[in-house]
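Data block below; observations after.
By letter and in written order, the chains are A, B, C and D; residue numbering begins at 1 in each of them.
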């Protein structure tokens, strides 16, 4: 028992028990103090183990942060607008960030996006028309209430901003076509070609569209053919387009008749639910 | 006779708010149906964790924030972009046709997220689909409803898919992986049992509209990450046995009055929580006394799922019950309940009853062999 | 695919229709295999012999694969009796000594290698023995009791034949392994599965026939066994009410419980002899002695069985009676208990576990219920096949000995079975089957 | 029954009880201990591992952000290097010639519990199909490490092997506690019974063992409380530092994470070595050496396969592979159980109490009995009758071996007769008597001699299956259906780690 290691291990156990007692008694201050002691004791144990033991590996250098690129100074809503314009469909913040990172320089975080969305309605209502465009939510086809998960652009038509049962798929396919076109353009241009992020984004779309992947798929994005993706997406789009268009058109007609201008942008209040009941 | 039972159950719970049933607690009914204590605590909607803690046995069940975050992130990813990933796997497994993509979000109804509104809206759209007048294929977070032992239970599957042939499928999205076509059976089991509650609730909903049970498949679709990737894959789980097992347990719940009738008058598990400092005012000893009035059936695997397990284990230890050692030992000592009895018979200190004579002979023989051996190798331990 | 139309009203006619369809498929060279599912006592052996004879007549030299030496001996005995003109070979391991019934048969040769049996037109052996044969291939194999043959065993013998007739009872016990591993679950070629399922999994389109008539089970038993263990396929009893009957030689006196139970069984074909409720080890003396005493009492009083084979009645002997148990130690104890009954013939009563009683037939079977006296039911004890074997061995009556409390045990049974992906649940479910049996037995209950 | 009684005794006395005389598992002189930790909710995401061949020689590897694919493989490579260095040290000394030569020693990896094996299995599966070139390339050692891990995990499924073992299994094989098998899987609880810390009663030690503040879980899962209270914030700080790119902050965050994880894993590390020294104090069973020889052979043959650049193990067994493995596993289990009963009087007694073996005193012996064999030879077949108190449930015809007789002794039960409270068993001695017509002295039990018999697991022919490229029609899909299981999955490279969102 004369081994200092044993003695230290004992005091470590004692410390742990004391921590348990302190936490059980709700004494967090004492517990964290004891924790610090425990940590010191554990370090001492390490030191005792072997004087020659190599020091803990030096932390691996972190990959260098991407240098701030041009365009980074644009306000966030400009980034969002640009990404949405590329997609041409209502989109969730995550996809907007994805499109942004794939095709545009600068920082855009999802958290920034959500605070942005809260501001839009307030800013519109305080002075409608003060801005060239707003970023309102999409509208549900039945209740015409806001679909808060999806962001649109106020300059789009109501049809574009309404979400019917088929719209998520239609918008996904449309988005796939637009992204493929953008990748294609980048590949044709004189620059560096599409970014890895862009190829990755396209790949994520393509794997979920029948026949959009090359036949002998080795499974990674570099093998993708944007034109094939476009063709495949169009083929499936043809299946859904009519049904989707009909619902969106009907709903927008209804919206134009029953909703005020600002409601046409930011959606009917949820009292609309009673209307639904009556209809059902 | 219904009212008195409900009153007795309410009295058992006391001043605390009733804990409503959910898919998880319904699934837990299958774990240890023999346990009276658990049945009463569940039926009365008592807070088992709080009771166990006040009795001196805080339950160690907690969910890691990582698991929670991962579960949510995976489900969101699967449903991103118009359920793109989900559609791909459902087209593979359920053979959904190309036009079957219509998506209805039932997480709220025009911003109204109350259970009742969502339940009504869910009923409306699912019945439309079943009757061929709706065009939904994917129903995101519908709100189902089931009456359990006279209490309401709101149940929220991850997704219900409706196939063109007129069948609903419960789709469970889980973040544990399917590696080379296999997943952890315990996790599959718990996901399946929860899905069974949805199957039963959905069937109940359709039944009111005169639609038979075959409209809801008892094959559940499990969507989970494939291998070590983040991409989903889907697998079928044949839940027929679990559906009938859970149906049985729900039926047993209706018979809770048999158990309630056996309880002493005035028994309650009320903690008498102080309105201000949220601490129980009831003396812990008093609670312990109340708990002891009710028989519990402890099994070691209760430690994996029941909040009361540590309490019950302590009780079983105090009673020297062989339950502590688990079914393997119990099985060998059939008919003997306690350590005291087993060793008393083995050492010949207790006289066996006629019932026990076989076991006593076997125990004495085993004890003799052990004595010979430990004599040879120098005593036990 | 299921092919047979079994709506024929007359059992014999229905069975003929099925047999004709099976033989037609055998003659049809498009099929690599033909499967025949046979409920208990549906004339499986008759079919095997008929098929062997037909194949031989068509110029084939078929082999027959059975699972145990007893099964091989029985098959050979039947074959030579029905077709004394066909030379039959018995492929055996060293150390095998044929039972008396086979010793004097002129057209049977026992050999250790195929060379010893060159002149035989049909060669019969156990799967284990066939697994040692190399480099010979036959046109046809008839695989008897093939639902009890594990997939890995089939793999060892499959190269010995081009095409196979798989015959067996899907309701009986599945093969098992002592090795606990989940690594093969969900694979179509899981080696712990039975050979028939694995073969069908890889060969869609194989014709699957079903024999529609149980010639063994009396009309009192066929519907219950059908409902409990074969819920998705129907079969009927081959005999009418009244064709089979049991009667006592002597009037009962003295031991009333036993007599009451025997009377119930004789009158209705079923009896549940229920002992008082207790949790007991599986070796519980009282249960075991009661099972033995029932047999002893039956022998003591003497019984006459009437049936289609013996319309004028035939006295039952100890060899007509079996006692079925779950565990081997129970069987050992029952054998000892039989000697204690004092009846000189009692030791001749067959006593065995469900596994070993598979494929056998008796007039009266006494069963120690797998769940009797248990505190909880394990998957092993709930396994449908086990109860199915025990409840379907009899031609006249089945007596179940159990402690009270099985209903409660089932009622509070937790469903803890692991659930696996993409694996169809095994049906019928053990719990449901037990419920059906218990519901039936409760109508024939005698409290002891 | 005996082991059940041992647990009951332990429960009453609150002390562990021996249930074997020996340790039936080989314990290497230089085992490699690995304690793997994984991140909750993630598919086989390693969080950390502590690894080393001595208590004082330990390495802690931590993945600061387990969701990051590159960091995971950096971790796999680092752990892989340590493990491969250890394995390679056993690929040096080879004995024997030609085909039959094999390495004289084999590695032994010890993990705390079965979960640890599962974690290594997942890691092996994750690594073995990876490629060191092309897209998503990983360091060279990763696939090699993955294949070796898979090999070791596969062997651990086979009874009696010792190359990868959970320490809890080794401990609970020897010591019976007064708790359930479920609780026995918790290393701290098990150690609380076997060797409670100085000054603590078993009861107190047990309470401590289930308290994550005192005994953090032995993994692979960490305690949810630790995750939420300490680990999640620390990972967040690391991520933040990583994003901001300040090297000083990053180093601090990383050091903090290391300290946190070290605090969680070190109590288990120390306990592992205490457990190992406890196990060392239990004498090794005689037949362990023979089984270890088989380990060496299988280690050698896999090593040669790797040297020849063999493919990684398949995702799932083929029909023939599965059948072969099943036969191997069944055989090994039957042999191991017989070996244990043969070596160990405690195990034998357990089987005696169940009637599966018996011991007694010879009452009568007919050493001169002869029979004529099928080959017409006269051979000695003595009859020996024993009287036993054991509840014998073996039937006539059962083949027997005996640990009390010289090697090679074989017998078969001729008859079993109950006689009052005892049983008379007559056996025919069939082997181990030498080649002459009279049995060698000492090979036939004599009256008054005490001896034990147990069933002979016997010799079984190794089953012969079709060649692996000739799966027969019963076990393979038809020609028009594709074989879905090629040796290397086509999507190996595509098995990417997904979007980290």
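Operating definition for what follows: a residue touches a chain if its C-beta (ideal position, glycine included) is under 8 Å from a C-beta of that chain, and two chains touch if they have at least 3 such contacts.
Model, not experiment: these values are computed from the prediction.
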Greatest separation from chain C - chain, by CA centre: A
Distance from chain C to chain B - Cα centre to Cα centre, in angstrom: 39
Centroid spacing, where centroids are CA-atom means, of chain B and chain D in whole angstrom: 33
Centre distance in Å when chain A and chain B are each reduced to the mean of their C-alpha atoms: 34
Interface hub residues of chain A, defined as touching at least two other chains: 94
Sequence positions of chain C contacting 2 or more other chains: none
Per-residue overlap in chain B, given as positions that touch at least 2 other chains: 181, 231, 301, 332-333, 362
Pairwise touch network: line, ring, star, complete, or other: other
Chain pairs in mutual contact under the definition given at the outset: A-B, A-D, B-C, B-D, C-D
Of all residues in chain A, those that touch chain B in their complex: 92, 94-95, 140, 143, 145-148, 165-172, 175, 205, 207-208, 210, 236, 239-240, 243, 268-270, 272-273, 276-277, 280
Chain B-facing residues of chain C, complex: 182, 185-186, 278-285, 373-376, 411-425, 427, 429, 431-432
Chain D-touching residues of chain B, taken from the complex the two chains share: 60, 62-71, 73, 77, 175-177, 179-181, 225, 227-231, 300-301, 303-304, 320, 322, 324-326, 328-329, 332-333, 339-340, 342-343, 346, 362-363, 365-370, 372-374, 376-377, 380-381
Contact footprint of chain D on chain C as seen in their complex: 32-33, 94-95, 131-132, 134, 151-152, 154-156, 158-159, 164, 177-179, 181, 183-184, 187-192, 195, 198-199, 202-203, 328-329, 332-333, 336
Chain D - residues contacting chain B, complex: 1-2, 4-9, 11-12, 15-18, 21, 39-44, 122, 125-126, 175, 178-183, 210, 212, 221-225, 227-228, 231-232, 315-316, 345-346, 349, 352-353, 389-391, 495-501
